[in-house]
Amino acid sequence: MINRTVKDVAQATEGVQDGMTLMVGGFGLSGIPENSIAQLVKLGVTDLTCISNNAGVDDFGLGLLLQKKQIKKMISSYVGENDEFERQMLSGELEVELIPQGTLAERCRAAQAGIPAFYTPAGYGTEVAEGKEERSFDGKPHILEKAFKADFAFVKAWKGDEAGNLIFKGTARNFNPVMCGAATITVAEVEELVPAGELDPNQIHIPGIFVKRIFQGERYEKRIEQRTTRKRA
Amino acid sequence: MINRTVKDVAQATEGVQDGMTLMVGGFGLSGIPENSIAQLVKLGVTDLTCISNNAGVDDFGLGLLLQKKQIKKMISSYVGENDEFERQMLSGELEVELIPQGTLAERCRAAQAGIPAFYTPAGYGTEVAEGKEERSFDGKPHILEKAFKADFAFVKAWKGDEAGNLIFKGTARNFNPVMCGAATITVAEVEELVPAGELDPNQIHIPGIFVKRIFQGERYEKRIEQRTTRKRA
Amino acid sequence: MLTKEQIAQRISKEVKDGYYVNLGIGIPTLVANYVPEGIDVEFQSENGVLGMGPFPFEGEEDPDIINAGKQTITTLPGASFFDSATSFGMIRGQHVDLTILGAMEVAENGDIANWKIPGKMVKGMGGAMDLVASAENIIVAMMHTNRAGASKLLKQCTLPLTGVNCITKVVTNMAVLEITDRGFKLLERAPGVSVEDIKAATEGTLIVEGEIPEMNF
Amino acid sequence: MLTKEQIAQRISKEVKDGYYVNLGIGIPTLVANYVPEGIDVEFQSENGVLGMGPFPFEGEEDPDIINAGKQTITTLPGASFFDSATSFGMIRGQHVDLTILGAMEVAENGDIANWKIPGKMVKGMGGAMDLVASAENIIVAMMHTNRAGASKLLKQCTLPLTGVNCITKVVTNMAVLEITDRGFKLLERAPGVSVEDIKAATEGTLIVEGEIPEMNF
């Protein structure tokens, strides 16, 4: 067994530098790597390019990095619900590249799986296709999309073991698995870190080979963005 | 819940016709859809094109279809361990297309995921690349490979539920998940079929949306190809 | 004129037994409330769940179980969770039978614009571009005209496109229309709305053939 | 001359702590037996397992747990199972640190041929083409010459290629050689084998610089 554990978030984020490209897991505020984000704020690294489906809210998630103006560019599919984001974007301080959500997921997966480029119909005939190669397959037009390149991927899982194996919970899974191994260094934080052998090898969502560093996170807030409920009958 | 169950293998294979292209899961004899293969023999359909990593052995797996000369063409990565296969191939009765194993898996996955084509380095500079587009990404040469098109996919899982959700066991997983939803009709046979709700939604390997028909198979032989053991100390 | 709830109710009749359905934010979300008993469907949400159920009871919300609108949800028996690449594999691979989404504009050739208004804050397309480029059966739920009274069913979209030649049907507060090679084919009128009213509110080519029935609910 | 076991033993010294390793069939499989204590490695098999252990005890064979050679195996703590697409994602995505495989021929530019002999029954390339096209660190384990005594380390491969410019090292029964821009660079001699012996058995360009040490085990 190859032990992938590091002792804390400080060790997990070693090597992150100004100007780097980071992948950050999560959908909305669900399944975001809370500890790693807090540490990036603490480190004060700047000029970051962040590949993440969303950009958090004003005071949580990637919003915390935006507050400190640490992000130079966001690559996302949807960036609503964040006033500071809007201010920086409209003032030109923040560069934003919007891409279709499925393309975002597949460009991560391509990086993970060593596929340099693939064709997708998403975005054909729209401004997303500008400057991209177009080609028809069976009469249906597609565009060529390329694998992302990133320096670090920060993901959050539910359980993990010393070998770096990960299990996710519910829809907190989202982009986290596809970002594992899609960057030079993948850092996984988990709610519960167990010894190797405790997880059923059949039920592992991401094998440890895709994870370079793993640690148990602390004090998960897991904020709910839209609390919707129904009344009991 | 959308119920994907059919009553038996006869109903599961309805619509299979001469000349069709079939995907068949399994690696060696591990994780092969034993019941569906037996039924295809019984149905006597011929001129089949089979996409399957291997071709079984003389008297088991796809070898049973080869015995009856039901297969016109095999698309595989490795076809050893089968004398009848060799005889038909050398005599020209059987057409064989050999492709790299990772490309085979990815062409299935591409079909499942609506990716018409992708680039891979596998096979560049070899006869596999003949007639295929070549392109370099970051200075590394790749070739363009296309998604498979198939009429039926026959897969075998360990457990499944009425909704068509599948869970695989050990390395019997192999090509089975990537063939689900990669053909017009996917037929899954399982060792144990349970009511919807019994499987943990976190632990499902293949969601039922990728499976059109599911049934509980009978009398699994699960033959071992290379029995290797060690002595107790 | 239909209310938003009535638009959703009318669209629910397009949902057939055995359909896997992706519902967009807004009116489409309401469709789930009107699917009749005996019609088995499963709702997919592109953030990674199939088999979505109703909202949770108060106190039972789980931050790890949400839909693409970031709302807390529950799951039904037979549900599954999966990652975003698998989720869009379902969508791109045409395993989802029906997609229902909102729009700012629809053109008579099936183009749709629903993600960007130049000069305004752009929030992004989310999964909409993947959905419209992939799905074979896409119904748009929208108001027939904008707040200023201008038609949203156009000869050509004026806003940046989300997808081209992709919409199959439009259900508005005034009518049900099918996109054909020749333009918007009027199928049904909302109760109390005349063909003339619909003509006046439709900038794109409107095809009216024979008697146009009133919707029934 | 080294035995097959000794070739495997020598290669085991190339396996570093923390490596994920894919072993081909034949001599490469034997390498697992020689990895020293204290070196933590995980063996990947391309049919879908990471963390392979030794063969099972008699009576404990499981037909659902095999390696790419179709042999029954066991797993160690920390192991995982996955599908074939994920498995080759590991390989193609260069997550596997070291690949060890056999060959029929290796050329001085790093080309390899190991899957097909024209006119003979062709069994297929299996995962070999993906492995050699993707991995950054590939060691070939082979005999220096064929049964007829002809060199298998060539200027150019004569058999259909498995991959081009991809091999980093070759360990034979006679020598350890590194593939460089200038050809096969001789690093070590097998005990009792002279530089002249190796020269005579190598058809490709052989680079001999300084004193060539004997391997030590």
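First chain written, first letter: the chains are A, B, C and D, and each begins at residue 1.
Heads up, the rule we're going with is that a residue touches a chain if its C-beta (ideal position, glycine included) is under 8 Å from a C-beta of that chain, and two chains touch if they have at least 3 such contacts.
The structure displayed is predicted, hence computed values, not measured ones.
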Co-neighbours of chain C and chain B - touch as defined:
A
Max Cα-centre separation from chain D goes to chain C
Rounded to the nearest Å, the gap between Cα centres of chain A and chain B is 32
Starting from the mean Cα coordinates of chain C and chain D, work out the distance between those two points in Å.
55
For chain B and chain D, what's the span in angstrom between their mean Cα positions?
28
Where the centres are mean C-alpha positions, what is the separation of chain A from chain D, in Å?
36
Where chain D touches two or more other chains simultaneously, the residues are 49, 81-82, 85, 88, 91-92, 134
Multi-partner residues of chain B (each touching 2 or more other chains):
106, 109, 113-115, 120-121, 168-170, 201-202
Which word fits how the chains touch one another: line, ring, star, complete or other?
other
Every chain pair meeting the contact rule
A-B, A-C, A-D, B-C, B-D
Touching chain B in the complex: which residues of chain D?
45-49, 54-73, 81-85, 87-88, 91-92, 111, 121-130, 133-134, 160-165
In the complex, go through chain B and note every residue touching chain C.
1-3, 109, 111-115, 161-163, 165, 181, 195-197, 201-202, 204, 207-210
Within the complex, which stretch of chain B touches chain A?
106, 110, 113-121, 135, 137-138, 140, 142, 146, 167-170, 201-203
Counting only contacts in the complex, chain C reaches chain B at residues 18-20, 40-42, 44, 49-51, 75-82, 85-86, 88-96, 134
Mind listing the chain B positions that touch chain D in their complex?
27-31, 53, 76-80, 86, 89-90, 98-106, 108-109, 120-128, 158, 168-178, 205, 222-232
